[in-house]
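Chain IDs A, B, C and D follow the sequence of writing; residue 1 opens each chain.
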C-alpha cells in the first residue's frame, strides 16, 4: 500500500509563504567557542524555509532528521553550514535557523582567583539564500549597575542592581561569544561572579561604587567600544536594570549599522 | 538644600541614544474596543524616548507619573494620544510605547448558545514623532487545527491541537481588536470556547474534522482574508500548532505590506 | 436525539481520584480588600474536586459555568463562598480552588508624597469539605535588601538588590492582603515605590544603607512580627534576593504553625 | 588586614531558620541513567540547609564551591551523595537539594523505526539528615490524549491534544528515569515522537483513536501500573490536557503513599 503524500499536492491559492517549519524543538549539542573551548548544552531551535505559491506543504520531518543527524557540535561557522545544508535539504530558496542556549565561562574571582562557572544566554539567528546570507549572534551578559544620581544625592550608599546587557551583532570571522562578553563586562559598574570570597566581595562593592553608571551611560560606554571594534559590523545594544528601588526596569537601546 | 539633578548634566560622549525609558511596569486600565465595549484589565507597559547626544539622562519619573495620571482608560485612539503626550512630556522628538494585556470576549457556544468569556492576548505598539507615526496591534487568537495528512492517511481519526494565530497589523481607523479576532476564527479548523455542552462539543469536533488545515493552509486562508480587507494596511501573520503527536510546534509566517 | 453522557458511566477500576477539574483558566473580576477597597484584575484559576471510585468522569463544564455566573467580585470571604458553592455544584465531597492575580496599592513616596500604584502578586488557595475547610493567602512583596557583609567590609558602598518576600498564611477574619503587605515592608531594608522624586530617592538610598539585612535577617525580622500578630494562624515565609553581584539568588525560609 | 566575617556573628533573636542557601543557579553536568546511559545537560539548582538560632548567617559561597568542584556527573545515587556532602560542608543538620534539567531519550518511530531524540523534564529533590533522608524524582512525560466523549458523540473525528503526565515519586534503588517514562507512555492514548514518517503518523493517529482516555482515565490507568510496581514507594501523579477545543487545561491528580 502506498500512503498518499498530501503535502506534495499542488496549491491553487497563489500564495507564497515567507517561512514554514518547526518551532521550539529542544536538542543537545556541544558549542565550540574561542580557542576551541567546548561546552555541552541544550538548545531550543526554530527551523524554517520559504514555500513557493504552488507547493501545498513543506517536509516537516526533514528538519527533525537533519537536527538528529547533523547537530552534535556547533560553532558559529558550523551553524552557518547547518543552515545552508537545511535550505538545500528542504529544496528551498531561503532558510531560517535560530538556536538559543546557555553558555558557561569559567571565571576567576578578582582578588582570590577562585574559579566558578557563570552562565550567559546565547542566541544564533541566521538566514541563507544564494544571494543573501546573514548570521547574527545575541549574547545576554548579566552585570551590576550602580546609580550615579543615588550616589550623588545621598550622604552614603547608592542603589545598585543586577542588569542585563544584550548585544545582538553581525560579526566578522575572527570574533567569538566570549570576546563580546569581555568587551561588555569591562564597561559595567562591575561584572558578576558565581563565587566570591570576602576580599572579592569588598573589591566588587567598592568597584561598583567607584563606577556609577546610568542605564544611559552603560549603553553609551559599550557602544563606544563596539563602534571601535572592527570585528563588529552592526549591532543592537540593550541595557535593562532591574531597579532595586522600583518594581520595574530602566531600559536603554543604541543601534548602529556600520555597513550602511 | 537643593538636590543636584545628575541626569540633567551635559554629556560629552557625542552619542545619541535610540531609546531610553522604563520597561515591564504593570498598570491597571479599562480597554475600550468595538461598540464602546469596556473591559478592565492589567497591562504591562514599556515607555521610552530618544535622547540627544548632549543630554546625560532622561526623566524616568515622568513616565511613571504620566501612567498614573493619564492611563485609566485606553482605546486604540487613546493609546495614540497617550503616546504623543508622553513624547511631549519627556521633551523628546520620538516616543515609543507598548502595552500587553488580556482581553475577554463573551462568546456563545455554537449549538446551545451558552455564554462564556474567552481570553485573547493583545499588544499595542507605537512610535510617534512629528514626521513619522505608527501604531501596530498584535492579537493572539487561540484556535483548533486538524491535520489533513493525518486525516487522509488514517482509516479513522486525525490528530488535532490548540494553535495560536498571531496577527500583527497596521490598521485604519474603523477596525477593532474584536474584528480581527472574528476574521481569524472563521478560517481555523474550529474556533475555541471556554464552555461547551455536549451538543456543542459534537459540533466543534465534526467541524474540525470537516475543515482539516495544515499550518500552511491556515496562514494562506487567513492571509487571503486580510489581503481583501481594506482596513488592514500591513500585517505579519503567524500560526503555531502545538502538535499533539510531537513535543514541538509547526510554524508558518506570511507578511504583506499593502502600503509599499 | 439524545447525546450519550460518557462521563456519567460507572467505572470499574475501583480507583478514587484526589482531584479532577480545570487548570489555568483566565477570568476577570474585582478584588475587594481592606476598607472595601476595590481593584479590577485578571485571575488565573484552578478548580477541582475529588471523584469517587465508581464515577467515570466529573462535569468539567460546570466549573466554567460557575466562574462565568458567580465570579464578578471576590473578597477572601467571597472566595470561600465560591469554593463551597463549587463543591456542591459538582456534587463532590471536597473541592479545591485557587486563583492568582495582580493587586495594586496606591502608595505615597516617603518625602514628597507623590502617589503611584505598586503591583503585588496574590494567590488564594483553599479546599472545602464538611469536616475540613482551609483558605491560605499568598502575597509576594517586592522590597530592597542591602547586604550587611558588603557594607561592613567595604570602605564605601554596599551591594543591594530587589528581593521578593513571599508570605503564605492561614489567616483569621480581621486581616486583609494590604495588612500583610504593610507588616512585611516595614521589616525590609527599604520598601519599593513606582514613582520617586530626587528627595525620595535620597531617602530610600540612605534608609537601605542604614538598615542592612542578610536574607537570614529579613526572614527572622518578619517572622518575629508574624509570630506576634494574632491574626496570622500559620505561615510559610520566603525571602529571595536577586543578588546584584551574582547571577543567582540568596534564599531563606521560616515556617511556623501556631495551631499545633 | 583581616576582613570581618559578619555571617559568623552570634544572633540573639532566638529564631532558627528552616532553610537558607542559594536558588536558581545554573550548572552543566552529565546525567547518568539506566544502563549507564550518559546525557550532558544544564541543571538549575537550589541548595539550602537549616540554620540554628544562634548563628547569624550561613556560608553562601560553600554551596557554589561545592557545585563547581563536585558536580560534573550525577546519577540518582550521586545526587544523594552530593546532598549528604553539602550538609556536612555547611556544618548543618539538615540539607535540601533540588535540580531540574532536560533529559533526552533516543526513540524509534513505531513503524519505520527512524530514530530521534525526545526531551523530558526531570527534577530531583532531596533532603538529608542523620535521622531522615528522602529523594523524590519528578518526570514530566508529554503524550497524546484523545477524548472518549468527543469520539462517542461525534459521527467522525475526536478532539485530541498534547498532555503532560507528571510523576513525582519516591523510588527504590533499581529504577531509573527512563523506566518511569516507559511505564507512563504505554498508558497514554499515544506516546510522542520528534520524527514520524507517514506510516508512523498513520499508526499514532489510529492508535490514539483506538485508545480514547479522559484525563480521569489516564491517571487511573497509570496509577494502576504504579501501584503494582514494587520499585515505586510513593507517588503523586498529575495529568494535564492542553485541550484543543478550549483555552484552558483539563487536570487530574492521584496520590498514593505505599509506605503508610
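Definition applied: a residue touches a chain if its C-beta (ideal position, glycine included) is under 8 Å from a C-beta of that chain, and two chains touch if they have at least 3 such contacts.
Per UniProt, the chains are A, B, C, D = GTP cyclohydrolase FolE2.
What you are looking at is a predicted structure, and each value in this text was computed from that prediction instead of being measured.
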item: Reaching chain D from chain A through chains that touch each other, fewest steps; value: 1
item: Shared interface numbering between chain C and chain B [over half = same, under half = different]; value: same
item: Chain A onto chain B, rotation angle from CA fit, given as a multiple of 5 degrees; value: 180
item: Whole-Å gap separating chain C and chain D, where each centre is the average of the chain's CA atoms; value: 25
item: Interchain centroid distance [CA atoms averaged], chain B/chain C, Å; value: 28
item: Inter-centroid spacing, chain D versus chain B (mean Cα positions, whole Å); value: 35
item: Set of chain C residues in contact with two or more other chains; value: 3, 25-26, 64, 119, 149, 153, 194, 196, 198, 202, 247-248
item: Topology of the chain contact graph, where touching chains are joined (line, ring, star, complete, other); value: complete
item: Chain B - residues contacting chain A, complex; value: 3-4, 6-7, 11, 13, 15, 17-26, 46, 48, 51, 56-58, 60, 64, 148-149, 152-153, 214-217, 219-221, 223-224, 240, 247-255
item: Residue ranges of chain D in contact with chain A within the complex; value: 3, 5, 25-28, 30, 39-42, 61, 64-65, 68, 102, 104, 114-117, 119, 194-199, 202
item: Complex interface listing, chain A residues touching chain C; value: 118-119, 142, 144, 146, 149-150, 153-162, 190, 192-194, 196, 198, 201-202, 204-206, 208-209, 242-248
